[in-house]
Each structure stands twice: as C-alpha cells, then as structure tokens.
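Working notes, structure below.
Residue numbering begins at 1 within each chain, and the chains themselves are lettered A, B, C, D and E in the order written.
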Amino acid sequence: MLLAAGTAGLLVAMVLMIARAVMGPSQYDRILAANSFGTKTVLLLAVIGYLFGRPHFLDVALVYALINFVVTIALMKFFRYRSLAQPLTASAGERAPHD
Amino acid sequence: MTEALHWIGGGLVVIGSLLTLFGAVGVLRFPDVYTRIHAASLTDTGGATLALLGLGLISGLTPETLKLAFIWAFVMLTTPAAANALANAAYGSGHKPRIGAFQIIPSDAPRETDPEDADRSSSQ
Amino acid sequence: MSEFLTHFNYIAVVIIMMTGLFIVFSSGNLIKRMIGLALFQSSAALFYISLAKVTGGTAPITLEAASEAGRALAAEQVPGYVAQHGIDGVVYSNPLPHVLILTAIVVGVATLAVGLAIAVRVREAYGTVEADEINAVSRIDAAGLQAEHAP
Amino acid sequence: MTPFDALYAAPAALTAHAPVIVIAAPLVGACAAALSPGARSSWVISVLTTAFSLWMAIALAGEVAREGVIDYALGGFPSPMGIALKVDAIAVTMALLISAMGLMGAIYSGHALLSEVRAEKHTLFQAGYLLCVSGYLGLVLTGDAFNAFVFLEISSIGTYALVAAGERRDRRALPAAFNYLIMGTVGATLYVIGVGFLYGATGTLNMADMGVRLVTLGDNPAVQAGFAFIVAGLGAKAAMFPLHGWLPGAYAGAPTLVSVFLAATATKAAIYLLMRFTFDVFPLDADFGRLFLHGILAPLAAAAAIVCSVQAIFAREVRRMLAFSSIAQVGFILLGFSLATQAGVSAGVFYMVAHALMKAAAFMALGAFAISLKARLLSDFAGIGREAPWSTVAFAVAAASLAGVPLTMGFLGKWSLIEAALQARQAWMVVVFAIGSLLTLVYVGRIVETMFFRAPTPGAPRAKEAPVGVLAPLWVLAGLSVWFGVDATLPASLADAGAAALLGAAP
Amino acid sequence: MTGFAVEMSAALNVVLLLMLVAIGLAVAHTRNLLTAILLMSVYSLVSAAWLMVMDAADVAFTEAVVGAGASTIILLGAILLTRGATARVDWRAMVAPALLAVITGGLLIYASLGLPEFGDPSSPANAYVGRMYLERTGEEVGPHNVVTAVLASYRGFDTLGETVVIFAAGLGVALMLGFGPRATLAPAPEKMGDHHVVLRVAAKMLIPLITLYAFYVQFHGDLGAGGAFQAGVILAVAVILYGLVFGLRETIAAVPVKAARSVAALGVMLYAGIGVICMVNGGAFLDYDYLFSPQVEAMIPANLLGDPHEEHHWGQHFGILFVELGVLLTVSSTIVTIFYGFAGRSIDAEEAKR
C-alpha cells in the first residue's frame, strides 16, 4: 500500500516534469526536465518492481541510470560545443597532467 | 521483524517520493535555470537515496540489494555531474541568474531568455 | 462504456499512431518527419504488447525466483482461472509479441539512422531540410537542366 | 508440367536445403563483400554469390516441379512454432526472376558502378546490393507473415542508401531517397500493424495457418482492418496508384544498377506478397475479398495504367519517363490479378516476367549511354543510334517489347491479358489495355525516334559504345525478351503453374 | 478477478498510456526540434515503464537502451548537422493530414473493437502459439527466459534478419556519411577554457563498469531480462561515452572505423555460419540440435552447467550462445559506426574552404 502511494507520488512528479519540458523556456530547462525525468523513471521502475514482487527486473532501472548519464553529457556537448566529437578538457586552458 | 522492516521501508519510499514531488513542484515554480537545477538535483539525489534505502530494507540481504546499491551509486554519480555540467553550460552561454547576491533584477524587468533560444523559438 | 474500458489500450494506441502519421505528412522539416515516423513505429510496438498482456500474468520467465511473483499474482485470481490458463500454477503473458517487437524496435532504430543520414546529406546538398525549399530548388534544377541542354 | 520436371541441377544434399541457400548465399556474400579489400574483389564476390543463388533457385524449381509445395522448417521447428519457408510454383518463379536479375545486375555493376559511385565506396555498395537481393528473395520464399516484414525491411533499408548514392549524378536523388524511405517505412509499418490485427484474431503468424483459421472467423472488423492495413502497406511498397509518389524520383535518381534491379524486382515482390495475402490468406469467396479485387484494386490499377502513361508522355527526362511507365505497367499486372481467374493470374505473372526483362534492359541501356555521355533529357539522346549501335538496338528491342510489338514477350503478355479479360467478360478492361498500350507506343516511339532518326545536336558530346561487360547482360535480357516472344513455353508454363498454385490454395 | 496487484497494474496501464498520448501530442505541437527530441526520449522512458507493467521486461530493456539512449544521441547528432527549427507550416497544409488521421483513426478504433478484450487469457493470440512456446520451451530448447528461447531458436531466422537489418543500416550510414571531405572524423582544435574534471573522472570510473554490465546482460539473457541486442547497445554506449568525454580522435584511435565496419560483417557471418554448420551436420538451417555431431556432444561433460542429472540441450545451449555473440558483435559495432558517421561529419566543410 505504501509502495502504491510512492508510485503515485512519482507519477505526479513525472507529469510536472513533462510540463516543464514542454514549457521551457530555455533549452537548459528542457534538459533539466528530461534528465530529472530520467532519475524519476529509475525510481519508478525500482518501486514498480517491488510493487509487483519482481525485484529481479531492477536491471532495467540500472541501465536507465547509465543511459541517463550518457545522454545528459551528449546534450551538454550539444549546447556547449555544437559538436559531439570535441573532447572535454580537464581544466581551464591546460590539459590535466595525467593526459 | 521483517514485517516492521517492510513498514519502515515503505515509509521511506513514500517520504522519498514526496521529496521528489516537492522537487518537481520547485522545478515548475522557481524563476530561473539555476534555482531549478538546484531544486531538481538536490531532491533527486535525496529522494533516490531515501526510496532506494527503503527498497533495500524491504528486500533484505539479497542480490537485489546489491543492484539497488549500484543504482544508488549511478544516480549519485549522474545527477550531480549532470547538474554541474548543466549549470556550467548555462553559465558559459551567458545565462544570468535572476536570484542571488550578484545581481537583483526588478520584477518588472524583461524576462531573460537564452539568446540562442530566442532565435530558435522566435518563430513560434 | 465497458467496451471503452476493455479496449482502452487499442484506442490509445490508435491515437498515438495517428499523431505520428499526422506529423509525418504535415511537417515540412525532414528531421521532424523522422521523429513522427519513430512515433508511428512505436505505436505498432504498443499495439503488439497490448495483445500479449494476460490479466494476472507475469513476465514469461520460468526461473523459480521469477515464478514466485507469478504465484503471488495467481493467488489473487478467482479459483479456476489459474488452473485453466496457467502453467504449473503461474499465469504468464504471451512471449511471442515480445519477440516480434524486439525485432521491430531494432528495425525502427535502423530506419531512423538511415533516414537521418539521408537528411544530413540533403542539408549538405541543398542547404536546408525544409521540404518546400528543397522542392523549389529541385524545380530550378530541372529547369536549369532544360535550359542548359536547349539547342 | 514445366520444363523443370526432369531437371536435377544440383546434388541432392544441396537441393534439400535449396530454399534457405537461395536466401543465405547473397546474405553471406554481402558480409564477404563488406570485408573484401577492394572494388574488384567485391564485384567477384557479388557475381559468384548471385550466380550460386540462381543455381540453387534452378535446382529448387526442379524440385518444386516434382514435389509440388516444399515446406522448409527453419531451426527444425514445424510451423506454426517455427518459421517455415513455403516454396510453391509461384514462389519459385519469383525466386528465379529475382536471382536471375540479381546476377545480371551484378555482372553489369562491374563497369557501370565505376562512373557513378566513388571507388572507395564500392565494397560497401556491393554489400548493400547483395543484401537487397537477399531481402527480396527472402520476401518471396518465406511462409511467415512477420518474417516477410523483416525481409521487406532488409531489402528496403539497403535500397534507401543505394538510391541516395545516386546524388553524385543528380542531387535530386537525395530528397527522392528520403521520400522513398518515408513511404517505404510507413508502408512497412502499416503492414506490420495489419499483421498484428490478424495475429490478434488468429493467434498465428504462419500464412497458411492464418488462412485456415480465418475461414472459421467470418466477418470481423478487426480482420478487415488488418487486411486493409496490409493492402495499404504493400500498396505503398508496390507503388499502387495513389501511393506511387515515391517511385519516379527514386528510379530516376538512383545509380543505374539500382534502377535496373528495383525496376525488375522491387514492386513485383510487393505485388507477389499482396497476392499471397489476397488469395492464400483471405477467404476469397467473402464479399470483402471480392469487393477489394473488383471494387478497389481493378479501378486503381486501371487509373494507374492510363494516368501514369500520360505522365510518362509528358516527362522530359528519359529515366523519369521509364519510371512513370513502370507504375503504369504495374497497373497492367494488377489488372490481370484482379480478375482472379486462372487465365488472368497467369497472364499477370507472365507480364510481370516480361516487364522485368524489358524494363531492366531499358534501364541498363540508359546506363550504358551514361558511361560515356551525361545524358538525361530526351533531346540529349538525339542520333545516339549511330554512335552506340549495340546498346541502342538493345534499348529498341526492350522498348518494342514494352510497346507490345509482335514477336516480343511484351506482345504475348498483353495479348494474354486481353484474352483473360475477354474470358472474364470485363470488356472495360480491354479498353483500358488498348488505351494504355497506345499511350505506351507514343512515349516509346518518341524515344526510339529521337535515338535513331534525329540528327545529333551540334556541339553535344559524342557517345561511345559501352564495354562488353555492360553489353553482355544487356543483350542477354533483350535477347530473352525476343526469345520468349517467339517461344514462350518456359515462362508460360511457369506462369500457369504459378497461377494454379496461387488460386488452388484459395478455399 | 480482483486483487491489489492486478488493479494496480490496470491503473498504471491507463495512467502511463495517457502520459504517452500526451507526450505524443506535445511532440506534434512543438516546432522546436530539440524539444521534440527530448520529448521523444521522455516518451521512450515512459513507454519502457509501461512495458514493464505489461510484463515485457526484455522489450522494456531494449526500449530503454535504444529509444532513450541510442536514438536520442543519433537525433542530436543529426540536428547538429542540419541546424534549425522547423518553419511555420500554413494551417491549410495541415487540414488534409489531420482529416486523414481523424478518419483513419475513427475507423481503426471501430475496427479494434473486433479484437479480443485486453488481458483476455483465452484470446487466440494468447491461447494458441504463444502458449505453446511457454509449454514447450523447457523441454525443447532450455533457457528459462522464454523470450530468449523464441528469439534465438524458434524464430532464430527472424533474429538473423534483424541482425542483417542493423548491419544494413550501418552500411547505409557509412555509405552516406563515412566518405568524402566532410567525413573528417577528426574534429577541429578543441575549445579551451572549460572545466570538466568532474565529468572526466566520472566517465573514467563508469566506462569499465558499463562494459562489465554489458557482458552481464549478454550472459544473463538465458535467465532473466536481457540478451545480445541490449548488451550490444550498452557496449556501444560505453564507446560513445568515451567519445563524448575524451573526444572522437582518441576513440577512433582505440576503435578504428574500418574495424567497426568489419566486425559488423563478422557478426552476421558468425550467425549465418552457425546456421550453415547445423545444415552440414544434417539438420535444417539454424537447427541447433545438430550443431554438434554426436561424437562431439558425447565429449561435453555432463556437469558443465552444474546439475549432471538434468537433461541438457547442448546444441541449443551453445547455438544460442554463439548466435547471441554474433548479434552482440554486429549491434555494438554498427551503433558505433553510426555514431562515428554522425559525430565525425563536419557541417563546416564549405564554410572552412571559403
């Protein structure tokens, strides 16, 4: 019962995020909404797994957490560099010593 | 004992989900990108920690707990890194904060938009 | 009204399908059309998976640990339901549409990649990805061909 | 019944697996071509694997002539659990046609690709071509509705990229390829949704099994919607009349090799699948089936035959002209099928083969000119008959067959279509055939007249005769058009057996 | 038929589907391409959650890695290379498509009422072939995950075709974006002045974990959700992450373009080769029961997979293993090839020349 309440709370939060993603106004708001939506979906999947007694499907939640990270970086490069091929430098103006 | 753990775990899940929900309200209501990033990243990590901890209490010591720990680690790695990158990118592209010690914008000032966003969405 | 509830999934699928089709045929931007196409293809996935769901069923994995959840679900069913539709006391959803949709998703991403690659080449050749402008340039191309070859 | 009765073309061990080898040979060849070090080696691989595939198709034809229908259970699981290849007389006819065209195209590509595609792209291009061949072969041989979708996509995704490669000659190939992709994907998705409706109603994906179970279902809106989706989807793939918008641009823009292969096989494979569904899967005696054949298919096909012939007359570029002509000829073929009689379907299959031969030869000849001459408009071809006589005469032979001049295969095809229409008392169809043929004569006549009897434009680049590697497959196709026009035993017997197989399975 | 879990799943079904419809309509409404792409990524996430509710764990997995991951990155690469929002479309141009959509949609909704009820266990779809797979997989093929059994064995030919489709897509993208002066594949000098230590450290920690996880997903496919296709995309995502953080030049040094293209072909060859071996040994194409000749099969120790008393289908077992390896190779290298195509293309070729 508690898990169901948790699921409901997450669903409402997801709807609010969709609203922010549609409204914008800046592109960064949209990325933020998409990224945060991803985190909420990870939680939703985990909770659903327990709600239906199928915790072994946490794999899907795990893979989301991963993908979310990669897509966020891709989006950031999209804005900052307008290219997916640029490397991200380690520090301002110079390369890190270990590179 | 397990019964009690289930209730405590469920309670944590509910609190975590509520925290996420409050964060989402913040993202919807706050005035500029930086405050929204703040709201989202803080509540996402906090909410995820609470909810995953709750689920861990429910499942006890099983392989699933390990997966939950991994998910938690990923979220803790992803969300702050993403928030950092996002704020970095927004600041780098000339977004000015609307709230903060550095500058106070009167409420009747024209709304700030991303210059790039403006040319993209001007046709809308 | 009861039909609306029992066929709600199909109605939702049809709405998404038609939204995708509308984007494909109403939008002039090639990238937007590919997005519409992806939406359209995903509606086929939703349709197949809706067909495969069995009330009170669990995922088609027969591992003992996985089946436990199925048993718990089965315990909630009316008597006789599991005996009639279940296997070893567990009701499973239908695995076949899942397999088909795995294939369809792959086909979808393959189409998306090729379509976007063509769109990128169109942008390089025409300087735009708007269908109207491309058509206008193509007409000039055809006319230029005519003029160039006129005796 | 067919000349293949006594044909044991391959060892029994190979023949037993021929249905799958026909498909797998070009598929493995595609991988090998992608791995091969250079253009030349990929061409050799392409020729060898398509030749092997053709050999197996011939062996398969012998087997089918003796055994009737061959069911090949892939993975050793009998249908409906596993996927079965179903090879009957009509499927093997299509497989022969496609693999033969695949071989001709592969031989032709040795020289033709050089002028049209960057040399470093050749290995990947040959790989894409072989995937395409393999996809169409799989499409006609499979007995599983969903597997057909997979092969449809293999062939299509390969084709989109190949068509787009034509942008080196004309950048309009790119938007054309994009439109083709959109229409093709919408069509394939409609098809798969249709199959989903049928699966929801019958619970099986095997076409034969589906047919059996549909008979007991009676009138069901879901089944009818499924059929409508399949017709719309495959209609888009087959360039059926209102859904043909993608075809002229794609055929006109693609590299010649691709135009040759597409014109000979692509729409035909989709028509074949559509007919398989119409006759094999759907109970034909249902009002719905009749309504579809006579109320929808026949009028649309007739409209295509007239309207697109007129468009061909007014087209300025020769490739576009031939492309419009393809849509019109597809209309002829569909009219034959829509009669749903033994004579009508047989005539449709016969004309399908005839059209494949002549249209492939015509596009090949255009490609042969293009090697030495960047000709596109009709006026560019003025007087080419004297400069490149071999390719021009081959083009003229193909064009004669297209127009239905006696002693060509096209004539026999049109004649048998008219006979079938008369037999079925569809006089209006005879009128359509007559008008369509007349219109064909007009545009074909314009081309041939320009080529032979116009003086070349002064100062225009001079054409040179094409190399033997191009002329050989061209003349094989043109020669076959004449040979089968004189002695049509082979294609006619195949068409008759094919029609019997299609209609015999109808309940 | 009541029960808390059943009712909960019905409610989630409705809520998530409504969310999907809303997102679809929002995609149609927006003219900003980036918004549309982000909404599609959100759509994939929601649909994957829905797929979990529908018991389709494998499909949810695939939708997660493909829809939210690979597709989004490809789309981002494409709008970087095309640039621009969609132009305003005259409303009159929308009337015909809208009418078409509404009329077809209405007919379809009517037609779908002829389908069996949602969730009906005795519908033809669920009671006929689908049920046969559930009943027979244990004795005929072996894996606990019936989806894997159907995918790799019963309908292995479809999966071969699926692998070929993705191979063809890789070929197509390579043909179109991988050649010519614009396919520089080596980016312009990097911009300085940014500060990305956090991301670089995070990526360094994550990439080995992701690779490891890909192999877990690959070999766990027999037992639970997952399989070669998902694993292939995850493996490719590891390479893409490396490319995003450390730059394309270094990634290509690690995974050369030609190598990626060749491995894709090798994967398909491996798959088809397994089929041919089965044929040579006297079975049908892809009949894994004939993968090993009887002598070889006798040499396999009975306790290879633990319980020696349980009957094993060694041919099926190893056939599925090899076939999935082929799929893994093709899928991962193809996704990497596609990423190279889009990320390595330069939009500025002619502007640079000027």
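Just so we're on the same page, a residue touches a chain if its C-beta (ideal position, glycine included) is under 8 Å from a C-beta of that chain, and two chains touch if they have at least 3 such contacts.
Everything numeric in this text was worked out from a predicted model, so none of it was measured.
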item: Chains touching both chain B and chain E; value: A
item: Any chain in contact with chain B as well as chain C; value: A, E
item: Most widely separated chain from chain B, with each centre as the mean of CA atoms; value: D
item: Selected pair, greater C-beta contact count between C-E and C-D; value: C-E
item: Separation of mean Cα positions, chain E and chain C [Å, integer]; value: 13
item: Mean-CA-position distance for chain E and chain D (Å); value: 31
item: Between chain C and chain A, distance of the C-alpha-averaged centres to the nearest whole Å; value: 23
item: For chain A paired with chain E, centre-to-centre distance based on mean C-alpha positions, whole Å; value: 19
item: Of all residues in chain A, the ones touching two or more other chains; value: 1, 7, 14, 17, 24, 27, 31, 33, 52-54, 56-57, 59, 62, 66, 68-69, 73, 80
item: Junction residues of chain E, two or more chains touched; value: 4-5, 32, 34, 57, 77, 87, 108, 112-113, 115, 123, 125-127, 129-130, 133, 155, 158, 161-162, 165, 168-169, 172-173, 176, 194-196, 199, 202, 206, 224-225, 342
item: Interface hub residues of chain C, defined as touching at least two other chains; value: 17, 21, 30, 51, 58-59, 66, 72-73, 96-97, 100, 103, 107, 110-111, 114, 117-119, 121
item: Chain pairs that touch, as defined at the top of this document; value: A-B, A-C, A-E, B-E, C-D, C-E, D-E
item: Contact footprint of chain D on chain C as seen in their complex; value: 17, 21, 24, 30, 33, 37, 40-41, 43-44, 47-48, 51, 96-97, 100, 103-104, 107, 110-111, 114-115, 117-119, 121-122, 125-126, 131, 134-135, 138, 141-142, 145-146, 149, 151
item: Complex contact set, residues of chain E against chain B; value: 31-32, 34, 85, 87-88, 194-196, 198-199, 202, 205-206
item: Residues of chain C defined as touching chain A within the complex; value: 58-59, 65-66, 68-69, 72-73
item: Of chain B, residues touching chain E in the complex; value: 77-78, 80-81, 84-85, 88, 92, 120-121, 123-124
item: Residues of chain D defined as touching chain E within the complex; value: 17, 20, 24, 27-28, 30-32, 34-35, 72-77, 80-83, 118, 120-121, 124-125, 127-128, 131, 134-135, 138, 144, 146-147, 150-151, 153-154, 157-158, 160-162, 164-165, 197, 199-205, 213, 220-225
